[in-house]
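These are the structures, in structure tokens.
You will see two complexes here that share subunit A, one where it goes with subunit B and one where it goes with subunit C.
The block that comes next holds the complex of A and B.
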């Protein structure tokens, strides 16, 4: 090509860019096809490595050490000692069982309530006050758990709480919601349901938005019963989004700590002690970092197991439907 | 089976009137094709009949029963959508049986028997237990047709059911449609923009334009005696030729394509035009009685081996369909004859009923 001739579309993308000056080599380097994608990904990769990968590897390593911040001794390699200690600790098993119960009741209630409310709000565009109602419905979700915890601690208060005031007004005696071991778990669970049901409403509305209108119209003309429509159309199309919501809520409920910290601190006794709270107390009260790291790894593996199970169930259902 | 009576039916979306004051009767047991270009309101009209769209004003009756404000499920209608709508977790037979489950008078065995019968008519018996996801679009649409006809309800609605299927599946669907029509006599509304389909399937065609039915009659009459220039233009491939007179008011109406002037129709008051279909324009190689010379502007071969000629006669332009053999060379001179018995007058776009006659 003659000097000064215009570039043609046949030129390779890797062809040197005609530029001069000290930046020539640098811009040529940036323009290389094997470099540019990595450069674009670099910020998120660096973030991921610094804030996710390194701490996780650090945690994984620390789990094999006996390391207490109160002893003043340097970490000592102990192999699987911490893991054996955790597996032999009945307190951890009880807390873990309590956590599974919490996750089960919270996620099931939130999913059912969320779906019911989502279905109520579905196609309600002409309903007067719909936006205000939805804003009010979603507001608990945007509160920080500490604020929600404080808010509900005041509501549950046996002396000044509005709930007990109402109970007394009905002629019953006050209930110490957070101080009575028989009701504290349900009281905390109720707050979690209050906070996170809106999330499942949101997921349900998103799932419903993915349902093709024509199929619903066909079902209406074909006179299908509501449960047939729900099963054959709504759940069929919305199951991915709903399952994603359930998965996210499961993992999140499994990690619940801040709400418990603010409302009961695991008490009374250990009635509301969830495993994340156990982890916190062992790490930042007892300063047993090695043991806590090992427990954190176990919790991480359980979360991964949840995710893998959900993905497997979804794909298995899909495969089964395709094969049948 | 009831007829469908529409009375001053309108549907507006904000300021746009999709259906504008339609009054019509679709006779019981007949197939009525709603035909028209995209956006003319035919789908909106059909959705109102189904109950999926509420009219802004007017009423819909099935026989004597006013269904205007009834939900679709209470109207006893079945519908086939443009895209094959399936219950995707079900098999073929389950898809057909599902709507029958609401009919308490049918036993499970009767439902199964009826579904099997439909599958046989549609030649889908071999696919009976297959999962619906394994079928191609054409087969799924057949199942959708089967689901609609198995219910044996009073009215069946088809919303361009062949638009999204390939040509062989389309032919199979049309065959299936004719087959079930031979057995059952429901009142059918069939929306299409395909005039061939409408001409083939319909007992009557309701031609729609800008939210109104411009003509509703048998296909043959619609083709030969269109009420409006729009009907003449829309039906036929290509549509009707329209020719305007070039003066000569005192001594009759003169047209470039006619050797003699025509009598001015008594009812003519506005803009006049003369219509003739391309297949009625006779093209000759030599001059003969009542012919005028024409120049071939362009020629092409249409489906079926016919020649389609674009011709110029003076300032007039027209198209003619001829048998093979007429010179196709551009610029060649031919002689054309427009038989008056195949011509119609339009006055301000509307056909005049009186016959076209030459002066003297």
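The block that comes next holds the complex of A and C.
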């Protein structure tokens, strides 16, 4: 090139702009708009399929088979036999009724106590020892149910339990809390309330945090009574969180097994036999896997019904409010 | 009648004083505006008056009755909060009417009074709607209606027009003034907007960093402020503050204008000279300056210009500066008479030109 001549780019029109190796093609494929979302969702999808979908389908299928681990025979397709057997089993109906009773009393007591305690702790920021009190209040919730069950079994013990010691100290005779069929159900229910009331306190505090301060102040200035404030402002704003808490507790209480297993094993007799315990005993004591799977499917449907009712009520109220 | 007096009122939060030894009086049956910059303590003062908070120190009196320890519900004060505080699940009518319903006022009278206040505020068509169906301005008017409807002689309004568009603000300002006159009540109106304060006020209380710097009729605060901060905080466009020195002969010198005081004073030393925008004129034979920013408000134009290393502001008729642009020369004169001279250290008024 001559000195002083303008610079030119020595490139043919046909020359590639950049090299395209296999790695670059792969990364371009990953970046495609129709691929990337699935790629990002893949970990949770794989987890969901392996741990939720496959076991549920397996359970659903097994419910249509007569299959006992002790018989030594392979599973036999039996159609709706297991479901018919469950629906005709009065023992299951009694256990289910007892479970509903347990759920009702547990959730109502926990909700009322939780709301009362939550309201007490609300706006108590200046109270000395508030944090310690809250930590102590929440501690039952973080205990494993087996530890809590053992702990309370010892407290309830008729011979050396601290509760009976106090009862005797007051001049009354000992009560066999877990051995007496008349009180065992209430005793186990009490432990569930002790364990899970803090959860409802937590939900109540979360609900209260969503209440606008300005509305409460306006109500205070305008002399709204406390029950009107609770109904018109607090419950109105906090209802979604409270209902969510009630739903979660309902589903959880419906599945209660570990506490019963550790404290009474369903006894005395069948006084504390909840349906989850029935399921466990039929599956892992009688090894009747087909029948147990069918019962598990029914319990799953009941849990889904709880959730669907909650969502329906919530949307129905929202729709009604929007329409009015 | 509702004369409000605060005596040595202080309010602290975790050791930080939001209000410090505030002693001030709100005259009965007047529209008093409490103005000041953000975080001056205006809302705190209002919350103390309404009873939502208890002062750390001091007493609050209404018509010579000590109400410091009286609960909010028993103070009979109408209150319009900055946030609308409307209940979302009841209609606008019920939102406005419920304070009256709680006072066991008859249904017929409630309907009549809600109708009257809704008429004034132009929200009659909205009465059957829910707050979620209203715009910001409509919510604000509903909140004002609720506060105004209470059987009270004293009404506290915490920046009720903040965030509304200019037209609506203008019309609501007039409505509020009319309403006060009709009710014959005492209004204490809080705002951080200087223009709104000047438009609304009969009396003006200027609050700054928790202290009352001035409390006087609005014209007096504007034309003869007793404190430098009051002069700085009240006025639109803002006033010009020039650093200067006052000598023993009573002559005040700034880098821009030198002038004698109209009355003798013993003060000698560093001063701050306040020149309102209307005291600065654009004149061809004036001192040299350069335009830095122009805000055309229609009939008037606010001109920010640089002279002697300082940015000053004036307001002039728009046609007279239509030919000017940024960086254009802006010869100006400052009228010496009426300039306010303050002690630069304490902010107290020393004299005027």
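List of remarks:
Here is the rule we use: the second predicted complex is superposed on the first by the 302 of 324 C-alpha atoms of A that agree within 3 Å, B and C clash if a C-alpha of one lies under 4 Å from a C-alpha of the other, contacts with A are read in each partner's own complex, and residues count from 1 in each chain.
FYI, contacts are C-beta pairs under 8 Å (C-beta built on N, C-alpha and C of every residue); 3 or more make two chains touch, one makes a residue touch a chain.
From a predicted model like this one, the values you see are computed outputs, not experimental measurements.
Once both complexes are superposed on subunit A, the partners subunit B and subunit C clash. Comparing subunit B with subunit C, more residues of subunit A are touched by B. Legend: residue contacts after superposition of the two complexes on their common chain; A:206 is shown touching neither subunit B nor subunit C.
When both complexes are overlaid on chain A, the residue A:233 reaches subunit B and subunit C alike.
In the superposed model, A:119 makes contact with neither subunit B nor subunit C. In the superposed model, A:214 makes contact with both subunit B and subunit C.
Residues 212, 214-215, 217-218, 220-224, 232-233, 236, 321, 324 of subunit A contact both subunit B in one complex and subunit C in the other. Subunit A contributes residues 212, 214-215, 217-225, 228, 231-233, 236, 321-322, 324 to its touches with subunit B in the complex. Taken together, the subunit A residues at the contact with subunit C in this complex read 212, 214-215, 217-218, 220-224, 232-233, 236, 321, 324.
On the subunit C side of its complex with subunit A, the touching residues are 50-52, 72-73, 75, 77, 79, 81-90, 98-99, 102, 130, 146, 150. Interface residues of subunit B, counted against subunit A in their complex, comprise 50-52, 71-73, 77-79, 81, 83, 85-91, 98-99, 102, 131, 133, 147, 151.
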